Structures are given as C-alpha cells and as structure tokens.
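Order of writing sets the labels: A, B, C, D, E and F. Residues in every chain begin at 1.
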Amino acid sequence: MRYPIPELKDLPADVRERIEAVQQKSGFVPNVFLAFAGRPAEFRAFFAYHDALMEKEGGLTKAEREMIVVATSAANDCQYCVVAHGAILRIRARNPRVADQVAVNYRKAEISPRQRAMLDFAMKVALDSARIGDEDFPPLRSHGFSDDDIWDIAAIAALFALSNRMANFTSMKPNDEFYLMGRVPK
Amino acid sequence: MRYPIPELKDLPADVRERIEAVQQKSGFVPNVFLAFAGRPAEFRAFFAYHDALMEKEGGLTKAEREMIVVATSAANDCQYCVVAHGAILRIRARNPRVADQVAVNYRKAEISPRQRAMLDFAMKVALDSARIGDEDFPPLRSHGFSDDDIWDIAAIAALFALSNRMANFTSMKPNDEFYLMGRVPK
Amino acid sequence: MRYPIPELKDLPADVRERIEAVQQKSGFVPNVFLAFAGRPAEFRAFFAYHDALMEKEGGLTKAEREMIVVATSAANDCQYCVVAHGAILRIRARNPRVADQVAVNYRKAEISPRQRAMLDFAMKVALDSARIGDEDFPPLRSHGFSDDDIWDIAAIAALFALSNRMANFTSMKPNDEFYLMGRVPK
Amino acid sequence: MRYPIPELKDLPADVRERIEAVQQKSGFVPNVFLAFAGRPAEFRAFFAYHDALMEKEGGLTKAEREMIVVATSAANDCQYCVVAHGAILRIRARNPRVADQVAVNYRKAEISPRQRAMLDFAMKVALDSARIGDEDFPPLRSHGFSDDDIWDIAAIAALFALSNRMANFTSMKPNDEFYLMGRVPK
Amino acid sequence: MRYPIPELKDLPADVRERIEAVQQKSGFVPNVFLAFAGRPAEFRAFFAYHDALMEKEGGLTKAEREMIVVATSAANDCQYCVVAHGAILRIRARNPRVADQVAVNYRKAEISPRQRAMLDFAMKVALDSARIGDEDFPPLRSHGFSDDDIWDIAAIAALFALSNRMANFTSMKPNDEFYLMGRVPK
Amino acid sequence: MRYPIPELKDLPADVRERIEAVQQKSGFVPNVFLAFAGRPAEFRAFFAYHDALMEKEGGLTKAEREMIVVATSAANDCQYCVVAHGAILRIRARNPRVADQVAVNYRKAEISPRQRAMLDFAMKVALDSARIGDEDFPPLRSHGFSDDDIWDIAAIAALFALSNRMANFTSMKPNDEFYLMGRVPK
C-alpha cells in the first residue's frame, strides 16, 4: 500500500464499527477497508455504493454480481479486485473453477448463455461505454433481464471502474486469506 | 435518457431536498440528479462521494478539480460530463476558453506546468491505471502536490470513471443551460 | 505556434489578398491562414482543396460538411479544428449545442439518422480506412447519399486528416473569437 | 475442445508413450497432450520445443520459466495456459499466491526486480516484438541475464505465443486438477 | 477502383496535359492520376500540394521524402501508396531492398540514424499527432534537420494521411508496372 | 543478427545436413536456418513444426499456406518473414504481385473470396485469438474448408506468431536473394 493505514482507534466510530463487523464476520479485514479508512467520507460513500449494488436482492444472483466484478476487474488488471472478488465468487457460485476462468477469458467460462450476455454487456460498460446504444438492450431483455437488472449490471461495472483504479493507484494487495477461499470443499 | 425520471413528489425526502436545493441555487436541475433519482441509495452514495472530492478544501483549487473531470471525461467520450463540468470549469477558472481546450487536448491548453502534470497523472488513472508505479509520484511532488493532493487527483479521475460510464449507459443529455454558462463576461 | 508568422507585407500578392478577404469578411484572421502563410505553395494548395470540398454545392449541406470536420478532428484531438470549425458548424446549423455534442460523442448528438450514417462513415475514413469495403456503400445510398456525396464525405475526412496533423504539428491555437461564435442568438 | 480426441490405442507409439508417461507422473493427462494428439507431427514438434525451453538447465530457474508463461499467456487471455502453468508455477516457486498475482498484473506481484525486468521483456516479445531494439538488452544484462538467458526469455514468450493461439483456437479446457495444485501446503 | 475513370478527352485541358506529361515521362499513367481526374479541382489541389513537398529542393533528399511516404503509408495499410512510392524510393535511393524493408518495419531498415529519427517523427505525425510536443524537435535538430526540413517531414506525413485515405476509399490499385521498377539493375 | 552464427563445421550432423540441403536446393542459406543453428534442439523442433504444416498435402495449396504466412507476418511487422515468404508466395502462386498486395492489405489483394475468408480467420488467430468462437467455423466450412484445413490455417498463423517474434528478437535480416525471387518471368 502506498498510503499509510490509520490505527483503528483513530477512526470515526462508524468506520471503525464497519471494520470490526467485517473482521468478526470474515475472520480478517480485507485490505480495501483499510485502504479507504484514512478517508472517512470516501469510505462511507464507497461502501454505501457497494452495498446498494452487491447486497441487494433482484434479478441478478449474488454470484452473478461477483462475476461482473471479476470479469471487469480482470480487464482493468486489478490484482486486489480479481483475487478478493474471485474468492467471493467461488463461494457464492459454489464453484471452485469459475472465478479463474472468468478472470482469464469469460467467453470460455462454464457459465450460462444468459451470464455470457450479461458479461458481454458489462465489458462494454467497462471498456467502451461511449458506444453503448439502444441496440444493446433487446438481447439482454431476451435473456430475461429487466431494465432494473440491466442498470445493476452497468452500475456494478461502473462502480468497479472506480474501485479498480483506486486499488491500482494505492497498490492495494489482496489479503493472503483470499487466495484459497472457496477452493477446497468443506 | 434511457430510464424514466421519477416525479419529485415520489422521491424520498432527502433526495427531493437535495434536488430542490440545486434547483434553487442553479436555476435548473442538472440531469445527473434526475438520472440517479430513481435509485435513492446510489443517488446518496454518488453525491456523497462527489461532494467529498469536489467541494473539499485542499491543495487543489476547485477549478483544478473540474479540469480533471473535463479531461478524463473527454477521454471517455462522456457528453454529459464534458458539457456540464466544462461549464463549471469555465466559471471556477474564470476563463471562457480553457474547458474547450482541455476537452480536446489538455496538452495544448492554457494551463500551468503544474496543472499539466496533474492532468498527465489523472489521465493515467483514467486510462492505464495498472501501469501506475512508484515512479509516478516524485514528479507530482516536485510540483508541490502533497500525498493527499495526489489521492484527490486519482480519486476524482476514478469517480468520473464511474460517472462517465453511468452517463453513457443512461444516455444522459446535458441541460441546455450548460452550453453557454461561463462563456459571456457578466 | 511553433513557426514564425510572416508579415503580411512580405507575402505573395495572392496569399495576402486571400488573408485580407477573410479578415474583411470575418473581422479577424483565423490562425490557420497565418500558419500556412510562410509556405505559399502549400497555402494555395490547401485552401484550394478546402474550398473545393467545403464551399461547393451538392447533396451535403454546409452544416453537414462542418459536422464531418468537427467529428473527425475531435477523433484526432485537434484543438484548432474542433474549436474553429465548431464555431462554423454552430452558425451553419443555427444550433448552439450541436458542435459540442459532436465533438465529444457524435453518436449522442441531436442529428438525423442520415447524419449519423454520414459520420459513422467519415470516422471509418479517419480512423480505419484500410477496412473500407464495398459493404460500406449501400447503407449510405439508402440514406439518399449519391456516389458524389459519398466521395465528399470521404474527401472531407481525408483533408482534415491532413489539416489536423498540421495543426497539431505547428501547435496552432484557435483564435479567441471562435469560442463564442454562434452560441448567443443575435 | 472443438476437435475430437483420438483414442490412445489409435496413436503412434511414441505419442502414446509420452502421454502414458505424463499420466503416470501427474496422475492425469493435461488436456494439451490430448489436443495435439490427433496431429502427431505437430505433437512431437511442440513438445520437443517445449522441453528444450522449459526443462533445460540455465540461468533461469524453472519457476522463472513458468512465470514467463503465466504472464504472457494472461496477456493473450489463454485460459488453459494460465490455469495449467499457474499450477506448475505455484509448485516450482513454492508460493501459493504468485501465479494469481502474475496472471492479473505482474507489475504488482511479489517477485524480484530481476524477475520484473525479465517479465517486462517477455511482455515486449509477446505484445510488441517489432519494437525490440538493442536498447532492451543492457538492462537485462545488468540483472545478470546472459545472452543465452535472454534468448530463453524471448523463446519461451514466442513458444507460448504459438501455444496460446492453439489453445484459444481449439478451445482447450484446463483439467480440473490444475485449479487446486500448489495451493495447499502438503 | 470504386469510381468510374473519365475519358481523357472529357477532362479539362490542364488535367489532361498533366496526365499526358506523366504518361510520356513514365510510359504509363499511375492510377492516382486517373482516380482524381473526375474531380478536377481536387486533382489540381492534390498534385500542387504533392509537387510542393515532393519535388522541392531542401535538406531532405528525394529518396528521404519517399521513405516518409512508404513508412507512413504502410502504417495506414495503403496498398497503392506503398507499392507505387516503394518503386520511386527504390529508384531514388538506388537500392532495391530499402522500400520493402521500410514498408514492413522501418526500425530494421538499412537506413542512417538520421533517417531513423526522421521516420520516428513522421510516424508520430501519422499516428499520434496530438502528442507532438516541443521535446520532439531537439533530437531532429541534432541530426542536422532545419526547422524547414522538419516542416517538410511533417507535411509529407500529413499529405499522405490524406492520400492514403483517398486510395483506401476509392480502392485504388497499383499499376502492374510499379512492382518491378527499381528492382533489377539496368 | 543479434546472436553469433555458429560455423557449419561445429553443428550437429543433422542440423548441418539440413542446412547443406537447403543451400543445394536454393543456392543460398536463408538466414532463419543460421539464426536457429546455435540452438540445435529448437532448430529441430522449429523446422519439424514448419515442415509438418508448410510441406504437407491437404485442402490448402502451398501458395495459400504462404499467403497466411505473409499476411500474419506483416501484421506482426516481421521483416524477415514478409520478405522471405513473400518470395516463396510469388513462386508458388506464380504471381509477381500478390505477395506485396497481401503484405500491405490482404483485403485488397487479387485473391479469391475463399482465400479472403481464410486470411480473415488467420488474422483473428494472429491478433485476437481469445475471441475465436464457434461462429467462426461455419463461414470457413461454407468455402469448402474441412476441419483439418481450418486447423492448418490456425496452426500456420500460430507457428508464425512464434517465428515472427524470434525474427524480431534476433533482428534476423532477409537474404538479398529473396527480394527479386519470383518477380521476373523466367
């Protein structure tokens, strides 16, 4: 990390509590929480945005949301996001292979045609959003995605456009715990 | 806009109040507020993030913050962001030419060498963040940017990576008011 | 400008007269005339080429010809051409917004489907001419463009491929007058 | 796989023996052997080339050779090569994290400056070989690479330029065994 | 050719005379003359521009001028220009190999360091003119190029940016005569 | 060449014999043989691979195999491969123009629609293999290519991905003999 990590005791109460909650739940504190902790206002906004998109119910499963993160983060060469969200994807999809497949080439991953269409669109948002046109919507709708779901796909790709750049800028390292999570059947 | 704009009266109170406040201050409601209004949680997170970076005091002037927005939004071909933030840049820089110059080619804009270095780095965050290395920091420091300022540069470029993608995805149109703002001396 | 501007009195008569004529008509001398004046043979050839394509009658309106200039010059990041021809486009289209829209992303500009097809082709000429194939012509013809009109589209894009490179090379600055032209209703 | 896998009994003896040997040693047959088995002459040439570069002694460790494979294969989005050689890299480097790091962004991997220089050059061979110049050699020599080692770096990147394209063309899938290899301490 | 070739007798006298002169001198009419003949105003402007840059005396030899054409036309995948000007380059350089070398990769052609610097700059004009900066000039001056010579380099690259696009657009074919010209010692 | 050429007498017998055979047949030793000679194991593997693909009978003519080499080697800016295999293509196609045409822009070469489809696919293997999908196969089959022929197309493009990189890395020069071969009718 290129920026110093503040001490927990020096943080605003709400930031500290969020970090302690994730520590309790996961057994460790993912570095993204520490990286943003020195900037409480951005910390709050980022995780509010994240939760609004990643924890919500809706037409996309949680595994599908993580797939979008892994595919677009790989396109942005974001080591932290691919390794950390790859772990979450393995767990949510209950599939120890899919994250590595999506990270290298989602076109050859063991995913459904619906998920392939979802990732094709997410990649267009991530890499070439100026060319998005009305013609991109019908194929998504034909796979059963509602307009709300399509917003979710785009918004997740857009949020991680931000997140990938901050992780690359701060040189955020994936915690060691992520590498093995979801790989070994319990 | 590809998504319906909700009626003001149907919005949560805090979202409605924010929109009414900007209407009062500017005389019109910039379309970005309406575009996000249908998604209150994302609305709150986005503008919280925005205010944390764009309204703050610090080593960067407000005009410089807007320069970063205009330069990186032009690189992402985001019509709404270039036109709207171009207007704000003209006003904050009290310069009717600089926004158009930065939008087309910031390397030839009438800006200081310090601002040129700032924009060079912001563009690397926007377009090639995986290659950011320790060697990018000393040139910025030599122009007097603190580590906090450098974070601001990167974070603004990262936030508009998100914002540009959402504007392109929703096909957000710039309000007519923006085109002329800051061009005619009062 | 990276090259010295010759004094009017030192120029060949025809070059001087052309400059005086434009000065009289516009109230100022656009910098492109001064930039080329030190090279009379190139000056004559460039403006002869320009007039043959931009001043002619034919299937394209003068506003449409300027649209091609603005869109392709923006793709080449040419500050002089985008600002100067943006002004002319606003005047010829009697529309104060369209130039800024086309400069950032012509796909989202308030133009007709015919103009969209025209700009799609002009951009292919500007950016990827080796892939032009016979299949590019029928869509243009279906919008009513004659073979002569299609040549005009291509030739304007090609001429400004030259012009953009010379403006970038000489670091030509847009005259201050251009920024506001065509923005305020008379 | 887009091409049928021949039955072992139908293969030439030397091809069958090579496959049986790897089966005995690894406990499974990596799919690359089956993919090439239908083309015995190419099978022999490919594995002869592979062994000449990957099994040889020399200035590069076996882990370093695998690093080159993983980094360049990731640049070519080759799922089979990243997953399979990622496994071998973890084993040879005795490091359960380095393969995932190198696959996403080798610039942020826990590798030595010498290995960073090695991968910078390998990536130039993989992605931009026409620009290789005499100036690329002294930095490599300053890290202790002999001219023979530099040839090895380039030749491994070149061999996997071939291999990645064949794996992408045939849609080779990584064997399930590779995903977990080298991740759990024995 | 995608456009009809007019009959010589239907052309304006000056255009016809230019074509007859080149026919007399070369023994055939290069197709570029026929391609432009249907547009006399553009024909005159194009060849006036061409002659101003390619036939002039100055710091660049005629062979060097042709080298710029071949290198930049190859970068634009322009078949007519590479084959036709490759022939002229072979003749003017009295070297039967240099045109093919420059067309594929000028960095490995048997040219002088001065010519290498000239082509590096010409390629920047052709492919990335928005990034030309003051720092590009001193290296050229250190090879003895005057400011006038540097303009010539840029202007030739810019003119063939136009020419390559017109040749690709019209699908201009190289005359058979060009392929062998300058290859066999007389 | 960046690496020393070993003396023939110091080479293993089989390598020396291969070189002597080609010298006898062609009247000179193409530099690729000398470049690889210092690495006998790679020499044997490379030429075994080469012969398996380039000398075989099958649905592709030998001229078509060379076309693939020339088109993909030009895309990789490989001077040796374009010049040397351009010569072989001229001879095998009995056409003195086609190699130069394919090297600059195969889309405008005097080749059949079947050969155009073959080169479109070869270029995808060379430049964008990660996007090869099942949808790429039917168009090739509709031109009469068998699955075996399609493998040949891909494998030749893949082998020269290797070869181009080694030639660029070693700075292999085309022998003078190649430039004129196949150009003058006997």
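Basically, a contact is a pair of C-beta atoms (placed from the backbone, for glycine too) under 8 Å apart; a residue touches a chain by one contact, two chains touch by 3 or more.
The shown structure was predicted, so the numbers you read here are calculated from the model rather than taken from an experiment.
Taking the definition of touch as given, a chain qualifies here only if it contacts subunit C and subunit F alike; those chains are A, E. Between subunit A and subunit E, the least number of touch steps comes to 2. Contact count check for E-F and C-E (C-beta pairs in contact): higher for C-E. Per-chain CA centroids place subunit B at a distance of 29 Å from subunit C. Between the CA-based centres of subunit B and subunit D the separation comes to 44 Å, rounded to the whole angstrom. Averaging C-alpha coordinates per chain places the centre of subunit C 51 Å away from that of subunit D. Distance between chain centres (mean CA atoms), subunit D to subunit F: 24 Å. Looking at subunit E, residues 77-78, 105, 130, 168, 171 sit in touch with two or more other chains. Pairs of chains meeting the touch criterion are A-B, A-C, A-D, A-F, B-C, B-D, B-E, C-E, C-F, D-E, D-F, E-F.
Across the interface of their complex, subunit D is touched by residues 130-131, 133 of subunit B. On the side of subunit C, the complex with subunit A involves touching residues 105, 107. By the touch criterion stated above, subunit A contacts subunit B in their complex at residues 2-3, 39, 41-42, 44-46, 48-49, 51-53, 76-78, 125-126, 129-130, 132, 134, 137, 147, 151, 154-155, 157-159, 161-166, 168-169, 171. Every residue of subunit F that touches subunit E in the complex is listed here, in rising order: 74, 77-79, 82-83, 86, 96-97, 100-101, 103-105, 108-109, 168, 171, 173-174, 176, 179-180, 183-184.
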